[in-house]
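In what comes next, chain A is part of two complexes: it sits with chain B in the first one and with chain C in the second one.
Take a look at the complex of A and B:
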């Protein structure tokens, strides 16, 4: 057990923005929520999977909705509680631990705030090892674990319970409810036993994000190379370093799709992104794809650059970080490989 | 003829321009502690050279930014937010520095109200709740309120209705509404609105003092203030929206510099004593910063010019081949080698290379030519890189260089062969104020159903033009200078943020 306290939040947010692969939204609001909750209720207890009692009931909590709404219609602060209580009523027992559904952007901070408010310990893990846009895109799906029962709570106090025939349907129904509720809701879903948490989650990612954030901060303070600090910690490959010379965006089928072109000494890298960076091509050859993490950082400062913030002139380094190996199984790739996002290329392992 | 004035921390500059915008006279005077004296002196200096009447006086000032940065002369302000039951998790004044929060009193209220992203009601206004808040505000002696409401940039009705209730209950209460000040992003828009509300008394004072300074010079012409987007606002608007003057200095400087070169699309490098400020203009206006702007430690999101400062100026210290970021600043004329001082500065290098004739050149004759050239080359490279960082396309981009430290910049920069140094560049700020036009802007989320994009864009365009005319632009001269549309992720109904800016000539009385 360790404590997560106020001074840790900025590192965690920075590291989560990095592991968010350009998606997950700006963690600013999430950081403020976590700060407010910890200020009021004290630090969060973080536990490892080894510390889970056998009868633990681990519940991922997260925000679902549009980033634009998230920065405008701020939460009441009661949503996560309401979603959790509704889920507990359905299950007939209480949650013992909370966990992040994804380690990327704002959703890395939501369970921190919730853990401080509820007093529940936070499991050092997440269900993706990165960020993805949809509820079924989690490793537990590969092990046949159901997203539902899933509960959804809005700012007004409404809650809904979803029982769906598949995790894809859970996503579709939750998304419809989210739209009716003003495009910003909180969810509790994908309930896990201690054994399931151990077998299906990516472990230690909260600590990893925090360490990545600290590594960037310390490298900068010590005038060292922050990009090197990241690769030293997380492994992976530098796909390209250079200048962003073109960014184009368009909306098709409800998703913002874009391309960014990075021109550097090693050639021209084209990044295809939606909410996250999904495919990287160097001289028309695919060099990295989802589900591996394609992360863009400011070459000078090491600060992660989100897909929304990318623009002409940025000096960036594009990193390919290996995803959890379970994602590269045939089932994993069917769920989150390039075709799942409408790209016609296959999965390409990172260059070693 | 018009007079343009820039009130900076150190100098107050003024220019007299003709009706076709040629510079007839200019002056630089020290900014005085009471400000008004300096402004009056600057006006008198240029007005004396006017042949014929003055039709307008335009002033750009740093007063309001300074008041926030120094946390002085601020009006005690209450923040009232419509959004319950949502938003309670992060109340107004979240993430404010203590000093500034204390300076404005830090009083806040949450009330029911607000809208969803598509304009439907989040919750209904409760007049009784607002009346209760009004009573508390009155009892506390608060005279200025910052009113915010969830999604007011989509629909402002609730803010307007709440403002009516509050002012009916508390006669004389000044209410700043967030929809007039910022964009989507509740905390940042609310923060900017609180700063605005805290500046209303100072605005009243400043506007009155400027008016008196103009009248004292025997000039009967309207007073207009520079806004940070390069357009003007009249006195009544300035009284209500002082926060819109923030960062008008860099905007005026860039626009003035571009105008002097006859360019509408260019990069501007303004080299001062300590830093070089770099910006890019499109259609005569600086690009807006896309990131949150920090003012006195408070995060805001209203339009600010995108300026990249780098630590290179005329007074920058030279150590080895490293230049800056520290500088001898205003002590250049005592500490630089060419003035008999003991500190090697960037200006000394420019003199040694024969680019400038400042001070005594023999005092830098001992510097190795190869060292001087190599160090100046590094300065050029850093400036060129910074311009490259700010540009938005690979198209050729002319560069306009202004400011006291511009002697550091050679006749061409790597990759940027078209470099211009206009005359009168020392008063580019004041000129930027004098040539400003009147603008109107639309910036909010529209629903854009399939096949309706053109119609929705046209609607936004007409609205921007109408706003410019309402703000005092001459009908028939108004043109749209910027259209931006950003589709919003995860939102149904084709929700799109559309921003349109229109400007036109000032209507003459």
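Take a look at the complex of A and C:
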């Protein structure tokens, strides 16, 4: 058990935004929520999976929606609590631990805020080892664990409890509600036992994100190269560097979809995204694809750039980081490989 | 208490389709469901509001969606049951009686089918005294009764429980789910006590619909004028008669919206509809509006024509029937008057 306190939040948000592969929601709104909650209720207890009691009830809480909307439409601050309480009513049992559904800017901070508010310990793990745009795109799906019961809460005070025939249908129904409620809602879903948490989550990712965020900060303070510092830590490869010369983006179907073009000495890199960066093409050749992480950082400061913040003129470095190995199994690729997002290329392992 | 059995179904469906003001869903799919359920489980007990015990829990069950879809997309037959059971789980109590949310083709038959399947008695009443397209457009809304908890079930086996901050938000969320699930779902909502049922429902409408359906049938059998027979029974006025020369119709936002043009000796009548007929203009003059009933019947057979069945060449008579007087209160008109549907005219009482 360790404590997560106010001074840790910026490193965590920075590192999570990096590991989120450009997605996971705006890190700053999430950080505001977490900062307010910790200021009011005190630090959060972070526990490892080994510390879970056998009868633990681990509940992932998260924001669902288009990040482009998330940066403009402020939450009421009561949504996560409402989603969690609605889920507990359905389960007839209280959550014992919270966890992040994904490592990504906002969605790493939402469970921190909820843990501070509820006093529940936060499990050092997440269900993707990165961020993905859809609710069924979690490792527990590969183990047959149901997304539902899933609860959705909006900023107005509306809640819904979904019970779906498949995890994909849970996503479709939640996304439909999300769209009607203004493209940004909060959810609690994919309830896990202690054993399921141990077997299906990516462990230690909260700590890893915090360390990555600290590495960037410390390199900058020591006048070292922050991009080098973070690739040294995470083992990633630089795919390209250059200047963002074009971004096309639309908020459609509850997602932020689009493409960004980066001009650099190695040629033109095109990033295709759907909340997260999913395919990178360099000089028309696919160089990285989902489920591997495609991360964009400011070349000078090392600060991660999320898909909704990308714009013309940014000088960026694009990194490729290997995903959790379970994602590159045939079942994993069927769920989150390029064709699952409508791209016509297959999975291409990162250059080694 | 009386029994509703197989020979009653056609009269009920015909009369309900008439009173539905062109809406309420396809009467024939609903009749098929009711016929199958009664054949399997026996007749339905129909009770009056006076027969309700004080601790009754009265649950309206209905179909929600676009009637244009309802005629093509067959239900699995398990939806109503799923919606009812999901609602009972949330309430922690079993329904004691079922009731129709509206008098309209399909939605008068859906509770008959559910009553046969569950063995629950059916209350002789409905929550509109006609049909309206949206969930909040019920008389209980005028008395501050909540639409939620509201459950939604689709043909695939998905269910959702909605808890909304207003009846309008319940509609919006249910409609969003409906659209995603294929524009046709089944719902249980607006739970009523015995006292609430007595004070807020339109009483006796199931029996009235059955009598109207029988009047049309009997007039036809006796070579009398079926339109005359039904206006004699219900006290309606003939607004116009003629031939349908144009129908424009789109299934948008989970509704069937459009206009129909009827040419006749009195001039051109234009019917504007959104699932139900809502405004009638004769020679550009508004002659009838929601909440009064605007009913279209085949001039020769007296058979009601629903908005999704209307087409070029039909010879029709358009009737205006007065609505329940609570609808023409200022609160009633705010909820279901022409502006509530986006029409720019005020309520116009029927010609007397």
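Everything that follows uses one rule, which is that the second predicted complex is superposed on the first by the 325 of 352 C-alpha atoms of A that agree within 3 Å, B and C clash if a C-alpha of one lies under 4 Å from a C-alpha of the other, contacts with A are read in each partner's own complex, and residues count from 1 in each chain.
Everything that follows uses one rule, which is that contacts are C-beta pairs under 8 Å (C-beta built on N, C-alpha and C of every residue); 3 or more make two chains touch, one makes a residue touch a chain.
From a predicted model like this one, the values you see are computed outputs, not experimental measurements.
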For this session: Have a look at where A:164 lands relative to chain B and chain C in the superposition and call it first, second, both or neither.
Result: second
Problem set entry | Touched partner set for A:341, first chain B, second chain C, both or neither | neither
For this session: Applying the touch criterion given at the start, work out whether A:132 contacts chain B, chain C, both or neither, answering first, second, both or neither.
Result: neither
For this session: Identify which of chain B and chain C touches the larger number of residues of chain A.
Result: B
Exercise. Taking the superposition as given, does A:86 touch the first partner, chain B, the second, chain C, both, or neither?
Worked result: second
For this session: Identify the partner contact of A:179: answer first if only chain B is touched, second if only chain C is, both if each is, neither if none is.
Result: both
For this session: Return first, second, both or neither, reflecting whether A:327 touches chain B, chain C, both chains, or no partner chain.
Result: neither
For this session: Please indicate which partner A:245 is in contact with in the superposed arrangement: first for chain B, second for chain C, both, or neither.
Result: first
Exercise. So, A:155: does it touch chain B (first), chain C (second), both, or neither?
Worked result: first
Problem set entry | Contact residues of chain A, present in both the chain B and the chain C interface | 156-157, 179
Exercise. If you look only at chain B, which of its residues touch chain A in the complex?
Worked result: 83-90, 94-95, 114, 116-117, 122-123, 150-151, 184-187, 290-291, 388-394, 445, 486-492, 494-495, 497
Seminar exercise, completed: Listed in rising order, the residues of chain C that touch chain A in the complex are 86, 156-165, 169, 172-173, 175-177, 179-181
Exercise. In their shared complex, at which residues does chain A touch chain B?
Worked result: 29, 32-33, 36, 65-69, 71-78, 155-157, 179, 182-183, 243, 245, 249-251, 254-256, 275, 309, 311-315
